[in-house]
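There are structures below to look over.
What follows is a pair of complexes built around subunit A, which joins subunit B in one and subunit C in the other.
And then the complex of A and B:
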């Protein structure tokens, strides 16, 4: 028993053979060898320095500043004044912020659910080999690589509110009246969501397709032998096999949804009538247009806490599930 | 059908005419939904200027008028800005990532876990949330007191370190065999030589992945250029689209022409490097 345990430990030390007459010497040579091998202690830090300096300047210091600013009244030239949690209560009590938070949650939830559902359907429909399939998949993926600013301008024109707008003329073909899309407070949120799903679904499709390759093909055969229908196969074999893929996609998409800015900024900038104001467009307006940096920072910190909580909760759920 | 090609829906098995038609219809529908709008963009960019509101799939005759007007509006200068930002940004990002990846993959040192955790943390820190303090920092960098607002450098330097490419590089460099490195050390090579002549040349596939992803990421930047630029002389092309649109003299066709120029580079990069793009996408997402 004790020999069995000692052996694997002793083996590497004994490997050099003639150079290792005693255990102490062997360890010393090994240590010497290692320090020579890995050079001076600061070598790795030299290689890491550019990355660490950039992260410090553009990630960690801004984060620390956001935290301090959120407890201050930021006054350029006059010096900042410590106001405790006043900014937070201002933010939490403001009707505008609560509206924006609600819009953000609705948009994030809608886009996440829509993109994942459509992505799954697309992936299932376009799984497999063949030249045409590959072509269709690449074409469907294009919206993901198109810059977000271009997507927004394109959809803005497609959403043209009169009858001769592109989407409205399509609606006209099936006998539906012209919709105001992003110009109508009733449909503006759904329109932004639709644009987000258009850009998000192909991404989810690609990830799900990658996940599908790891589903055990033998299980499909077995299910077929057992007489399972197509839908039973998807429901009992494919979907459980994709569980971890779904949870990762969910975190990624939900976080992307919470921090949504560019699409909304370009499509509606929060309008009409504040119907699409999200947290980030509000923070942008507070900070850069009204110079209320402290209040804006408090909003940003709250948004960060929300993303953090979401990530942790989903990770915990995943861990419990896998047990 | 062999077990290898078996799919969830089993659509590949359908050899019947009905099944084939159904598949073709599905593919056509997918193409219309996802590529259709982009085709409309293409067509209206080359279409006539007269129609001010409508995008159409049916070309109304080919013309370069939209591009001519776009160039008169200074689109070429914006495109040049975009190229400068993506060129220098990518160069910096790749350099920073391979250096950091080398240290993390090939060295063992106290504090390594902390560095890894810090890098992972930056991936969870959305740039949007840092927007306000970042704009303050860019106007007066701590210690060195540079003002980067209004300069292209302000759009480039913050993108230099990206957690994703550092982690991709680290994972890849871990797989380079130790023996090669040992042999070089015995021959008296230092860290810099081992890095440049042994590790780096073996990482070409990973360089492809971080190059493609870095390019797409930088080309897609909107908020950072928005924070940094003060006037149109430092606009990148995506930023300029909005100014173009607001100009009442500019028709949608012109905006679409400029949009085409703005999307072409990333689409070309994607089409050329599809393989590394897709593999990086799935490995990045499924590992993270």
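And then the complex of A and C:
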């Protein structure tokens, strides 16, 4: 029972009264209908209040603070000084910012595409109701629930740069290597990307698996009857059926990719030779390691704006496509 | 709909008002309460022996003075957490942290000036230690409670097996590093050892930290003083370039530094030495208890660093007591600083085999060999007194260390880079950093 039902609203329109002009009566009826449908205006706000208060204090106020700090030289005990856009120019002109931005885009694109492709393959392989599949799916999902610090340490061991390292001994079996992996500026970015894909793909797999249940089975049958091969059925039936899933995954993965920090920080800290420096590690170094919080805040605002633009562009593209 | 918009606007407005309220300058002079418990942060691993040592020191202080102390040990991202507390304007009362953090904290106004007249035994503190606690304007903002310098740890059994003498010159050092890499010193028939352990990651500027031992011994410098408190970049000086080239050859030509060094910070580097993958390590005395336990006291020896092209200068460091701004118990802060440098405080901090807070004493009246009869400590003490050199007190040393670490990391990771060109770029960066801090010589 809703609050509206419990406390009926006095409805003057229901009582007999002077005959209103046709248009006015229609408007009154519409208002009454809307009132019954939506209840008091503050009812939804009441339900939203706990979440909004938490968001306000733990998200929006810190965000507004960061925006303010990005225009200040932050000195909590001397009083913050307004410096205009100086922090932004420090970040933009900082050594290696352009490289870091480019690395971030490359890493975000590579991890997004890799995770989605691998996630789709895993989802197609593991679709079904069998008990064993359930076990395999849970096992495949493990990288997502393992803490990132553990993941980074595991991959550091696997990436050991000599011939007796785990991955290098595998490469040795096929006559390749040894590779420096994260220790070689030429292979470090690909190595971090691989770790990210390994961690992100199972997450994408689970969402794609959920999306697959909404694809009409009849379409597969029809495609089969029409003589479509297995690959054609995937390409012409499954992939279009998952379009909305892909677009959501794309936004989530791209945002995750742009904000990549922990695995880079733990595996290479931006090195060697700055080859894996991303915007977040650069912001961390400028803002927190060098105790220049205003500069760090300016970097964070820039990253937020970039993420926002990306999200809005993807939404606009989706809307245009659905029209 | 209209009302919803008003509500939304109200929420946003209140957020902005609250934001505005919280960004004003803080009141530095807090109401004093000498009974208030002092909150002490120390940069050490939680649950480890360092924390035990700090707790012991705090307990002895409470017993001696009556002031209460609550100890918090933090190791990872210590500075970040301190910044978070600064943003809340609720700093701990006392921080025990590296001497090199002075400039960064002072320039942000996080520190209270220390009045040496209120510190008993202040005239007993070793001169260079006391100087390390002075800011660029010559005022005392940190009080050293512990000192340390670097010395060379060598796998004794490896050295004896290969019939090598303890290195006294850089040539001996390089020859030993090469022999440990190529001559199978552990006798397992595999080429799986390296001469030198080195944390060359850019995290906290470790590459620069480590390399300073070699740079200074060669007569080079990161930045040099140019009079009247100004500095100029010095990484392109002949001595600096030679030092970088020599160190680079150890990694690039001789392959005598452990694989993966360029992405390793201190914990994995320590592991290479204790697991028998590396044979030499230039490091402070704080790792002795750990290596005694994991590797065995008889397996390695501690010797002074061999003389470089100029001398045997090594990095001197240590911990300082910082009295933080905004404390409601300044009397308690002063009392703790006094106790930490007093003979009693220093001896208490040095007690034990592992859980100690004080590495080398800073109080001249305390003799390390009396408190710790182990001769290895005497080696460290001698290195500190004879050859120890602190990083200069500039407003913020961290950017200098970070920039030099980035360049050194690049040169060690990519052996095809041109040393002089990279160091030229580094000098330009250093010039910008000095200019930003208002201490450039130009």
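Rule of thumb we're sticking to: the second predicted complex is superposed on the first by the 267 of 323 C-alpha atoms of A that agree within 3 Å, B and C clash if a C-alpha of one lies under 4 Å from a C-alpha of the other, contacts with A are read in each partner's own complex, and residues count from 1 in each chain.
Rule of thumb we're sticking to: contacts are C-beta pairs under 8 Å (C-beta built on N, C-alpha and C of every residue); 3 or more make two chains touch, one makes a residue touch a chain.
A quick note: this is a predicted structure, and the numbers were derived from the prediction, not measured.
> Should the pairing of subunit B and subunit C on subunit A count as a clash or a fit in the superposition?
With subunit A aligned, subunit B runs into subunit C, so clash.
> In the superposed arrangement, does A:52 touch subunit B (first), subunit C (second), both or neither?
In the superposition, A:52 touches subunit B and subunit C alike.
> In the superposed arrangement, does A:255 touch subunit B (first), subunit C (second), both or neither?
first
> Per the contact definition in the header, classify A:268: touching subunit B only (first), subunit C only (second), both, or neither.
second
> Touch test for A:293: subunit B only (first), subunit C only (second), both, or neither?
both
> Applying the touch criterion given at the start, work out whether A:113 contacts subunit B, subunit C, both or neither, answering first, second, both or neither.
After superposing on A, A:113 lies clear of both subunit B and subunit C.
> Spot which of subunit B and subunit C makes contact with more residues of subunit A, would you?
Per-residue touch count on subunit A favours B.
> In the superposed arrangement, which partner chain does A:164 touch: subunit B (first), subunit C (second), both, or neither?
Touch partners of A:164: subunit B and subunit C.
> What is the contact status of A:105 with respect to subunit B (first) and subunit C (second): first, second, both, or neither?
neither
> Would you check which partner chain A:122 touches, where first means subunit B only, second means subunit C only, and both and neither mean what they say?
First partner only.
> Check whether A:41 is in contact with subunit B, with subunit C, with both or with neither, and answer first, second, both or neither.
both
> Check each of 77-85, 131-139 or 185-193 in subunit B against subunit C and return the one that clashes.
The one stretch of subunit B in steric conflict with subunit C is 131-139.
> Name the residues of subunit A shared by its contacts with subunit B and its contacts with subunit C.
Residues common to the subunit A contacts of subunit C and of subunit B are 41, 45, 52, 60-61, 65, 69, 156, 160, 162, 164, 288, 293, listed in rising order.
> Using the touch rule from the top, collect the residues of subunit A that touch subunit B in their complex.
These residues of subunit A touch subunit B: 37-39, 41, 43-48, 50-52, 54-55, 57-63, 65-66, 69, 122, 124-130, 132-133, 136, 138-143, 145-150, 153-158, 160, 162, 164-166, 169, 198, 202-203, 206-207, 210-212, 215, 217-218, 220-221, 224, 230, 233-234, 237-238, 244-245, 248-249, 252, 255, 259, 261-262, 266, 280, 283-284, 287-288, 293, 296-297, 300-301, 303-304, 307-308, 311.
> What part of subunit C is in contact with subunit A in the complex they form?
Going through subunit C, the ones touching subunit A are 3-4, 7, 11, 14-16, 18-19, 22-26, 28, 77, 79-80, 83, 86-87, 89, 91, 104-105, 107-110, 190, 192, 201-205, 259-263, 265, 268, 325-326, 396, 398-399, 402-403, 406, 409-410, 412-414, 417, 429.
> Can you name the residues of subunit A that touch subunit C in the complex?
Its residues touching subunit C are 41-42, 45, 52, 56, 60-61, 64-65, 68-69, 72, 74-80, 95, 156, 160-162, 164, 182-185, 267-275, 285, 288-291, 293.
> Along subunit B, where are the residues that touch subunit A in the complex?
Listed in rising order, the residues are 3-12, 26-27, 30-31, 33-35, 37-38, 40-41, 44, 53-56, 95-97, 99-100, 102-104, 107-109, 112, 115, 118-119, 122, 124-126, 128-137, 141-142, 157-158, 160-161, 166, 182, 185, 190-191, 195, 216, 219-220, 222-223, 227, 238-239, 241-242, 245, 252, 255-256, 259, 262-263, 266-267, 269-271, 274, 278, 281-282, 285-286, 288.
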